[in-house]
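Okay, got some structures for you below.
You will see chain A twice below: alongside chain B first, and alongside chain C after that.
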Partner chain A sequence: MSEEVLVQVKDLKMHFPIRAGLFNRTVGAVKAVDGISFDIMKGETLGLVGESGCGKTTAGRAILHLYRPTGGEVSFKGTDLAKESPEGLRRTRRHMQMIFQDPYASLNPQMRVGEIIGRPLRVHGLVKSAPEEKDRVTELMQQVGLNVSYRDRFPHEFSGGQRQRIGIARALATSPDFIVCDEAISALDVSIQAQIINLLEQLRDELGLTYLFIAHDLSMVRYISTRVGVMYLGKMMELASSDALYEEPRHPYTRALLSAIPIPDPPLERQRQRMLLEGDLPSPANPPKGCRFSTRCPMATDLCRAVEPEFREVATRHWAACHFA
Partner chain B sequence: MIQAVPPASMEAMETSVSNFAPLEGGLQPEPALLEVRDLTTKFYTVDGVVNALNGISYSVRKGECLAIVGESGSGKTVGVLSILRLIQSPPGKIVGGSISFKGTDLLKLDDNALRDIRGGAISVIFQDPMTSLNPVMRVGAQITENIMAHEALTRRQARDKAIEMLSRVGIPTPAKRVDDYPHQFSGGMRQRVMIAMALSCSPQLIIADEPTTALDVTIQAQIVELVKKLQSELGTAVIWISHDLGVVARLADRVAVMYAGHIVESAPVDELYARPAHPYTIGLLNSLPRLDAKVKTKLQAIGGLPPNLLGELRGCPFAPRCAFATDICRAQNPALLEVTPSHGVACWHDRLTGGRA
Partner chain C sequence: MSLLDTEPKDVAALPAVPATLRTKRRQLLSRLLKSKAATISVIILLIVVVAAIAAPWLSPHDPFANKLIQRLKPPMFSNSSGIYLLGTDSLGRDIFSRIIYGARVSLTVGVSAVAISGVIGVLIGLLSGYFGGKVDDVFMRICDVQLSFPTILLALTIMAVLGSGLDKLILVLGLTGWVPYGRIVRSQVMSIKNDEFVLAARAAGERQWRILFQQILPNIWSPVIVIGSFTIASNIVSEASLSFLGVGVPPSVPSWGTMLADGREYIGVADWLTIPAGVAISLTVLAINILGDWLRDYLDPRLKNIL
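Right after this comes the complex of A and B.
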């Protein structure tokens, strides 16, 4: 990991209005992302974990400005994306791509694989002729391990893992620097997940890519990430290097999350103590006062229920938002 | 019952398949609660015959938790649905085998007798509780109805029992929640309601098909601990289908690994993780990262894809992806045989004994 900041996220907020009534008036907001700040270093893989609905996807999309954030800012290579003209944003976006969980839903079923992968090349004017496009598509298909002779097939003729490779080839077409992988392996079989993870790592090393890797599989996130951020109800709870986060978690939510992950080792599993969380996730439209985790936290005090803890550096390059971290 | 050294000739090997019994070596030979033999289910579709289940055999003892793991499409769901004849038919058809539950062959029971067993002595929990909960009926009424269908209780008594079951699975203020509709519960709570319903008639066997796959890890942990606790309190046997080898390590007594409609390996849980013998099982375990891994070792992916089950397969179904495959693997499918007591493997070159070919 270099010391060069590729993406800077400052107090990013994404609130979705809740509308109701006859006049469709705004009656509240889902605070899907509610003020998160961090840097993504060039060449690193930053993992993002947290329970369903905590705002991971929304954060990823707001960082790419696929949503206009309702607050805060995102800069890419030092440029504030909010200040870009639509044309400028379009050009910048070439360098920032996204890979989705469900490759099938994100691939046009009526297009042949060659067209799907070649399309971004044309949209961004990166190829001048049909033969040039064909060559580049061939190169991309080889890069992601797809048989080039499948160029004229349709998405439904491929397996889930192969479709994910198509999605990756399409994302790579514009030679991006930064890719948001949103649950990119979650829908795949275990034996296929490893194929895709190895491919992503190989591409990162060969092409100097930077990833924001969103997933709920904490074992896989530890494996692939250099640093990991833990979100809860739209807020970042903890951010540290992979090793520090897994070996010395400082936030009680991180500890609970880690203790919930079973390890494929039966004798060890029998001995492990679980730190079970009570209750369910509160609604992001109405997050608890004070610390958002206080309603489920085994350590919560009156202070926690009254005052929201600051996201602060509790050790070198290790941040946590807990009064007792 | 314990199979010794694999027989040399093919004919002998064929007979040994049906004798194969995954019983713990040396332990009290209590008869199995459920004994599945050569169960074969096919789907007759417009594209041809899908060989979903190709003669699987296993047994589950009282109070035991058998986990079934395997690739998507390997026949895990079809395998357990066949037990209760819940296969969609047509196109599905159970074409062979026997399923003995406490000595009765479920495949020979008439529909009424089978209905008594479903939701009674054997109950099922699905991945999505909404497939089994009626959205327009209060949860208490649904549980009460199930109890009254299987037990001679008054509505009042059945309702009290429903409340007791809800409390048992950790639903707060159960006497109040009993009158809520399914949509008023969160995903994890709904799964608890399903478990309450499944437990309400004191089943001897619970079949759970990926009951936590759609849930968050924190909720999954709650459900897994709950099932573990209830199982030890009530002595219920469980068949737990999962693709999460972590959850299986926590919960299972035995594990059966499925591939392309076959059980390719079956062993007590510690044995399977410590000494996997089938190349597919080994590949599966090597392709998993571990949360507690301090040093990063590169994941070993299994190359290729699982086979298409449309039409007949020749040879070992794993052969096209297997690093150890030889000519015999491509020609003949190896039977599931015990290579060491209570450890069954279907492989010509199993990695524990070096193989039979």
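Right after this comes the complex of A and C.
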């Protein structure tokens, strides 16, 4: 891992307006992502974990500017994506790609595999002729472990794992530097998950890719990530190297999440101390005052309920947003 | 051997067939022949099209010639002395010949009006559904305005400005018929524009118009085909009512719709005036609907091996 920053996220905000009434007035906003900041170094894999609805996916999409962020700044290789013209942004997309969560919805059912994988090449003018495109598609299919003779099949003829490989080949087509893996393995069987994870790791090492790996499976994230960020209700709660986060979690929310990982050994599993969180995730349209986690935190004090803790460096390269970290 | 002759699970073991134009055409034909209903529909439509094109050579009598002395003659099979296959109408014109000639007007009106309204409706629906917001508001208000105007009123206005004729008739039907396409396409686009494959296309850096026409449009053909096949039918009938008002073709020009309208007065005494036209309309419409249905399944790659 180098110290070169590839993607810099500064106070990124993504609010979705809630409209109501006769004239569709904006009556509020769902604060899906409410000010997160972090850097992604070239060659690293940054894991992003959190419960459903905490804004992980939105964060991934806003970083790639698939949504126009409400506020904050994302720079990719030093250029601010918000300042890019639509055409410039479109061209930059060549270097940053995405692998999607649902291998069934992310492939156009009307297109053959060869076309799905080949389109990004054509879009960015990376191939000059049909035979050249065919060669590159063949190469990509081999790279992700797909049988090349399946080129003229339609997506519905494949299994979930194979479809995810198609999605990976599509993302790799333009030789990007940065790939957002948005729950890329969540929809797959456990055995297939391992295959895809290994494939992603292998590709990262071969092609020097940088990943933002969004997931809710903590053990998978630990396995693949160099650093891990924990999100809760649109905010980053803790960010540290994988080992530090899993061995010495500083934030009570991280601890609660980690205590929920089952141990694959029955005697140990029976002794496992679980830290159960009470209550539901508050509404992101109306987050609690003070610390967002204060409504469910076992350690919460009056201070937590009144003052929002700052996201600060509590140990070397270990950030947490808790008054008591 | 084509992919179609094997069970779906055997297909998995076969190398994929290169999709050249020729094999595609052969596939289309062999899949068409697999469906009896679709085959019969194609035959019916071919007969109608041939009748329309070759009308002067096929019709036994002049469809325009009035012979008042021969008026309201019953068809040949119920009247052994008759020389008219399907009888004559109230002016003594041969009904069979008029049915053959009528295919011209009816088909032209039905198909070209659907083409016009289909293109307008699909375009508006695509833009409205995809871009949403202000674009959507504007287009949907135009939709409402369009719906609030009776077709007849618009037809009379256009007639007053441009005069009457077949082309004006097609224009009127085409311009008034786009709303159903627009609405359906809009809702379809809205339901799939947030699918991950559309997002994937944007993430890959595809241009908006490519996403709209190459990624989204192929996925919404089926309702368009269904509406199209139904609208051809209703256009054939609308042509009659507009012609009755004087907007469409002159009364002497035969069309199935006008024949139906003219024969109405005599339905109690001479039902052969209306029945042939009615049968022609229903058969054509049925054939178009069945073919549309088959086409919808044909365009769905998921049904490729089943159908």
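The criterion applied here is as follows: the second predicted complex is superposed on the first by the 325 of 325 C-alpha atoms of A that agree within 3 Å, B and C clash if a C-alpha of one lies under 4 Å from a C-alpha of the other, contacts with A are read in each partner's own complex, and residues count from 1 in each chain.
The rule is simple: contacts are C-beta pairs under 8 Å (C-beta built on N, C-alpha and C of every residue); 3 or more make two chains touch, one makes a residue touch a chain.
Fair warning: this is a prediction, and the values are worked out from it, not measured in the lab.
Upon superposition of the two complexes on chain A, no clash is found between chain B and chain C, which fit side by side.
Contact with neither chain B nor chain C is seen for A:Asp205 once the two complexes are overlaid on the shared chain.
Legend: residue contacts after superposition of the two complexes on their common chain; A:Asp80 is shown touching neither chain B nor chain C.
By the touch criterion defined above, A:Gln110 lies against chain C but remains apart from chain B after alignment on the C-alpha atoms of chain A.
Legend: residue contacts after superposition of the two complexes on their common chain; A:Val190 is shown touching chain B, with no touch to chain C. Residue contacts after overlaying the shared chain place A:Gly161 against chain B, while chain C stays out of touching range. Angle at chain A between chain B and chain C, computed from CA centres in the superposed arrangement: 80 degrees, to the nearest 10. In the superposition on chain A, A:Glu313 makes contact with neither chain B nor chain C. For the overlaid pair of complexes, the smallest distance between C-alpha atoms of chain B and those of chain C rounds to 8 Å. Across the superposed pair, chain B and chain C touch chain A at no common residue. For chain A in complex with chain B, the touching residues are 51-52, 159, 161-162, 189-195, 197-198, 216, 218-220, 222-223, 243, 246-247, 256-270, 274, 276-277, 280-281. The part of chain A that touches chain C in the complex is made up of residues 61, 64, 66, 90-94, 97-98, 100-102, 105-112, 119-120, 123-124, 149-154, 156-157, 167, 170, 173-174.
Considering their complex, residues 71-72, 186, 188-189, 216-222, 224-225, 243-250, 252, 269-270, 273, 283-285, 287-294, 296, 298-303, 305-306 of chain B touch chain A.
Chain contact summary for the complex, chain C toward chain A: residues 12, 15-19, 195-197, 199-207, 210, 215, 218-219, 301-302, 304.
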